[in-house]
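Can you keep this structure in mind? I'll have questions shortly.
Residue numbering begins at 1 within each chain, and the chains themselves are lettered A, B, C, D, E and F in the order written.
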Amino acid sequence: MSQMKTLLVIVTEAVLERTIIDEVLALGAKGFTSSEARGLGTHGMRSGNWTVGGNVRIEIIGDEDLCERIVATLHKKYDTDYGLLMFTCPVNLRN
Amino acid sequence: MSQMKTLLVIVTEAVLERTIIDEVLALGAKGFTSSEARGLGTHGMRSGNWTVGGNVRIEIIGDEDLCERIVATLHKKYDTDYGLLMFTCPVNLRN
Amino acid sequence: MSQMKTLLVIVTEAVLERTIIDEVLALGAKGFTSSEARGLGTHGMRSGNWTVGGNVRIEIIGDEDLCERIVATLHKKYDTDYGLLMFTCPVNLRN
Amino acid sequence: MNAIEPVVLFFLLGVIAGLARSDLKIPSAIYEALSIFLLLAIGLKGGVKLAEYPLGSLVVSALAIVAVGALIPLAAFPVLRFLGRMSRADSASIAAHYGSVSVVTFSVGVALLDHKAVSHEGHMIVFLVLLEFPALILGVILARHGEAGKTQWGRLLHEVFFGKSILLLIGGLLVGYIAGADGIKPLDNLFFDLFKGVLAFFLLEMGLVAASRIADLRRYGAFLITFAIVTPILSAIMGIFLAQALGLSQGGAFLLALLYASASYIAAPTAMRIAVPDANPALSIGASLGITFPFNIFLGIPLYWWLSEWIYR
Amino acid sequence: MNAIEPVVLFFLLGVIAGLARSDLKIPSAIYEALSIFLLLAIGLKGGVKLAEYPLGSLVVSALAIVAVGALIPLAAFPVLRFLGRMSRADSASIAAHYGSVSVVTFSVGVALLDHKAVSHEGHMIVFLVLLEFPALILGVILARHGEAGKTQWGRLLHEVFFGKSILLLIGGLLVGYIAGADGIKPLDNLFFDLFKGVLAFFLLEMGLVAASRIADLRRYGAFLITFAIVTPILSAIMGIFLAQALGLSQGGAFLLALLYASASYIAAPTAMRIAVPDANPALSIGASLGITFPFNIFLGIPLYWWLSEWIYR
Amino acid sequence: MNAIEPVVLFFLLGVIAGLARSDLKIPSAIYEALSIFLLLAIGLKGGVKLAEYPLGSLVVSALAIVAVGALIPLAAFPVLRFLGRMSRADSASIAAHYGSVSVVTFSVGVALLDHKAVSHEGHMIVFLVLLEFPALILGVILARHGEAGKTQWGRLLHEVFFGKSILLLIGGLLVGYIAGADGIKPLDNLFFDLFKGVLAFFLLEMGLVAASRIADLRRYGAFLITFAIVTPILSAIMGIFLAQALGLSQGGAFLLALLYASASYIAAPTAMRIAVPDANPALSIGASLGITFPFNIFLGIPLYWWLSEWIYR
């Protein structure tokens, strides 16, 4: 009832939500949790309306391995041109 | 001004929000933070409208002990029949 | 492509969002991610409508140092009078 | 275009947008507000009309309509369980969805009658509300039959009466009844004049949602698809004959057919989620929203109308 | 039903749903949109009416109304502080809430006058806006009196003038004033015709919120409950006599009574949160929203109307 | 006030609130709902009008208007690239924004014509839709010219046709065309009567957004500011002369001027974000929303109207 897993958090532009989720599932993730967010980063303020677009915050729990693959893929394909932030952290999955 | 605590994150069906929060407070939690979420897991896509229902993401900061009790209770009562994800991670409470 | 950083999560009253973000950026943060939240704590239920006001959940990724400075400043200026929760946790920044 | 209301075109637009994976989406806050609006408006309209009738005269029709309506889940359950080889919980939950009604399908039917300038009994909305109860309660009984009494009846009844959809329908009904046509007049501009426009907007969203369900269809297999088309047709026929026996007008018969034929996707899913949590909601919502709802909107409504003309001529 | 507007039934529905712990909730985005709508619409209506009067003629009434209105927080503060034994900050914050006004209560009053076909002075809305200022400013002065000058007056004034509620009221007022009845005509369909329907929707939400506050009541004790009922009654009486002295019509007197009697729960909470952060917002919002608002809606409005009839006959 | 529509005052109110750092904000769900409403309503209106004309008669005008419209991005690109020394990607993206159109600016123009009781050709809305395509496609070609063919044309075309703004416009157009004025009549209360009120609400939000962009202006430098004012003026003049050559009415000429003069901030940003991701969206949105939009609303509209009067007299 307690397994060490990796939590990967991805913050990116809402316009990419479907694209990123498709990638993540194709790479083998078994699930995700996403929610609306706003933010500021190197790509400027993202305040979330039709005009400027907001961010989406996606959480994926999986093996370290899976998270590595996701990070590598997204980094290569989207990091230069889109607002994208990724961080990982070890967590205990409790069910 | 820095205390080691456990962060427990619960992702579950929005329809259960009030029920789960009542349980959590009854078990002794002093607070919680909740927000809307969407997601995919073993119980299928939860995209968040009246028809399909969304998820809620609940964060509780407390002692390891409390989090264990919450995990055990929710696991027993809701895990088989409802979408439910729980994970914990040690954090530093800063106030 | 993997750097140890500190994740600082601040949960506070939505009415303070702009004020806190101004402080955080003035102290040197390079970005933030924020989203709507509800919650309960020592300052009572914050359910998020015009009347009661909701919470905002702000995430900042930065050096430990920066996070310490933010925690100290916010603690001094806002902790007694406003709902405020801060916790930190080490994460791997992946881009 | 003869028997199809223009609002249905918005449903089609939504389906196309969804299938084409457009980035169009109706924010969920708006969807909820539209739902609240529709339920309140229907309740108000029914309440105002109800105030014009002697309540007592409805009792017999109401009892008959509820009793016959209860046959739908009772007949659907063994079909699902033995013909479809589904689990007890799933069979019961799906049966409850088909015994229950769809407020939006009903609204499209009312819009069609307005369009055709065909009148109908104002109290149909009362039957709409009443039909929710036997369906949901039978669903639980069927699911739990033979088990130790672990059903949380209190919580279920609470859910049925105070769940948002029934609460808004009954609440609107009472407000309309108490305030009467005159008292409601200042609200007409919002609740009645905008009704069809809001319905169009809502159908746009329903189309988007239905499209996302269509992809799941093959997973359910031919049995469930057939079930989701045959059940409404048989239920509708039953409704028209009952309406004739009760002396309703043709408009009323058409609407009763539609009530019987439609399957719930608001009240029933929430109530079943709590009362029969071991049922898989993807099956019941997929069938009712992915197949029965579009079937009723596009083919069922013209068909039931045609049947009612045929039987009533 | 004579002195109660049908829209009040929506408030009752909300209260019942809330107390019954229904899962009904108005999404907060909708609640905000409705608030913006109501404030803008009231401002526009006031602005259009204002354009028909010579502005100068209002100055004397306005000064008198503001001066007398300032007596409410000034009288409430010592009562709270010494009779209620509350902290200086809490006393000041609650006093400011009761000196300020409730736009929704005012709207229900206007709806009642429309319903009764009783006319009133169009510029009451100007007084509504003006009354916010002395209340909030006095609240801060009372809270800070005798302390080192650490009040952020700049930020407070900014908050009062550019806080969303005052900004929308004054903005609507100016737009209505500049554009005049003719210029606003294309907007009538949205802002005026739908006003009452939106108010009904809003009251539904207010009922849900008030119900969630009622549970807190016993925590405040008998003193605060008594305060929250007696203060509006006394303020209303003061309002009617002042209106008579200023030569307002009976409709105007009733509305002035309602302005004095109502307590803020939009502008004041936000302003006080920033200006007097050491006050406990649960107390002031609990009293104004959980007691005074429902009291005014259900009992106060008929009572003040009856008082105005009695004094004006 | 003569040539300015009252709805523009709401834009001004939004700008003031934004510059004053008011806490007023329109929830994003509401903003999206208003956008959907405006696009659908415009499409419906266009479709209904279109059903009254023989479609064939439009082909020549449409071709001419699209061909001349394509000159805008083609001319803007070298100016941005060589005079403004901007990157290829940025130049192409900005050029596409200015070749594309602003539905809200167009709506304010239509509101002005209504206000002045000046008629116009109903099919202008068709041109609005058509003008999106060359602009966006040219944007991509200009950005990619001389590069290996890594453009995802499929995805771009999908984005253009099924992106929410074009989809709603075309969808509304088709529904209006199929249902005709009679079929749409039950929806008039929502989509047509409320149009101006919703536009006012929307402009309030646009003002808030534009204010937040104004702060960025100095970062873009004098070149981009000049570009964002001169481009619409030249485009508008081109539009009026073309309209005269095509035999459009003065109202039509004014609207064509406005279409050419306006820059997109809904369809283009999303499409360019996907097709030319290496362009900096802050530049194109800043120019179109922070400068060109307010310029058109406040100064451009009266100017183009005056030009059309002058050329058509």
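Throughout what follows, contacts are C-beta pairs under 8 Å (C-beta built on N, C-alpha and C of every residue); 3 or more make two chains touch, one makes a residue touch a chain.
Not measured: the values here are computed from a predicted model.
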* Structure fact -> Outermost chain relative to chain A, judged by CA means, is E
* To do: Could you work out which chain's C-alpha centre is the most distant one from the centre of chain F?
  => B
* **Interface numbering overlap (same over half, different under half) for chain E and chain F** => different
* Asked: Counting C-beta pairs in contact, does C-E beat A-C or the other way around?
  -> A-C
* Roughly how many whole angstrom separate the Cα centroids of chain B and chain F? -> 45
* Asked: When the centre of a chain is set as the mean of its C-alpha atoms, what distance in Å lies between chain D and chain F?
  -> 41
* **Centre-to-centre distance between chain D and chain B (centres being mean Cα positions), rounded to whole Å** => 34
* Asked: Where in chain A do residues touch two or more other chains at once?
  -> 15, 35-36, 89
* **Of all residues in chain E, the ones touching two or more other chains** => 21, 23, 27-30, 32, 194, 270
* Asked: In the complex of these two chains, what residues of chain C are touching chain E?
  -> 13, 15, 44, 47-54, 80-82
* Asked: Can you list the residues on chain B that touch chain A in the complex?
  -> 8, 11, 35-42, 55, 57, 71, 75, 79, 84-89
* Asked: For the complex, which residues does chain D have touching chain F?
  -> 1, 6-7, 9-10, 13, 16-17, 20-30, 111, 114-115, 193-194, 196-198, 200-201
* What residues of chain D sit close enough to touch chain B in their complex? -> 28, 31-32, 35, 205, 209, 212, 265-266, 269-270, 273-274, 277-278, 281-282, 285, 289
* Structure fact -> chain F partner, complex, touching residues on chain E are 27-30, 32-33, 36-37, 40, 158, 161-164, 167-168, 171, 174-175, 178-179, 183-184, 186-187, 189-191, 194, 270
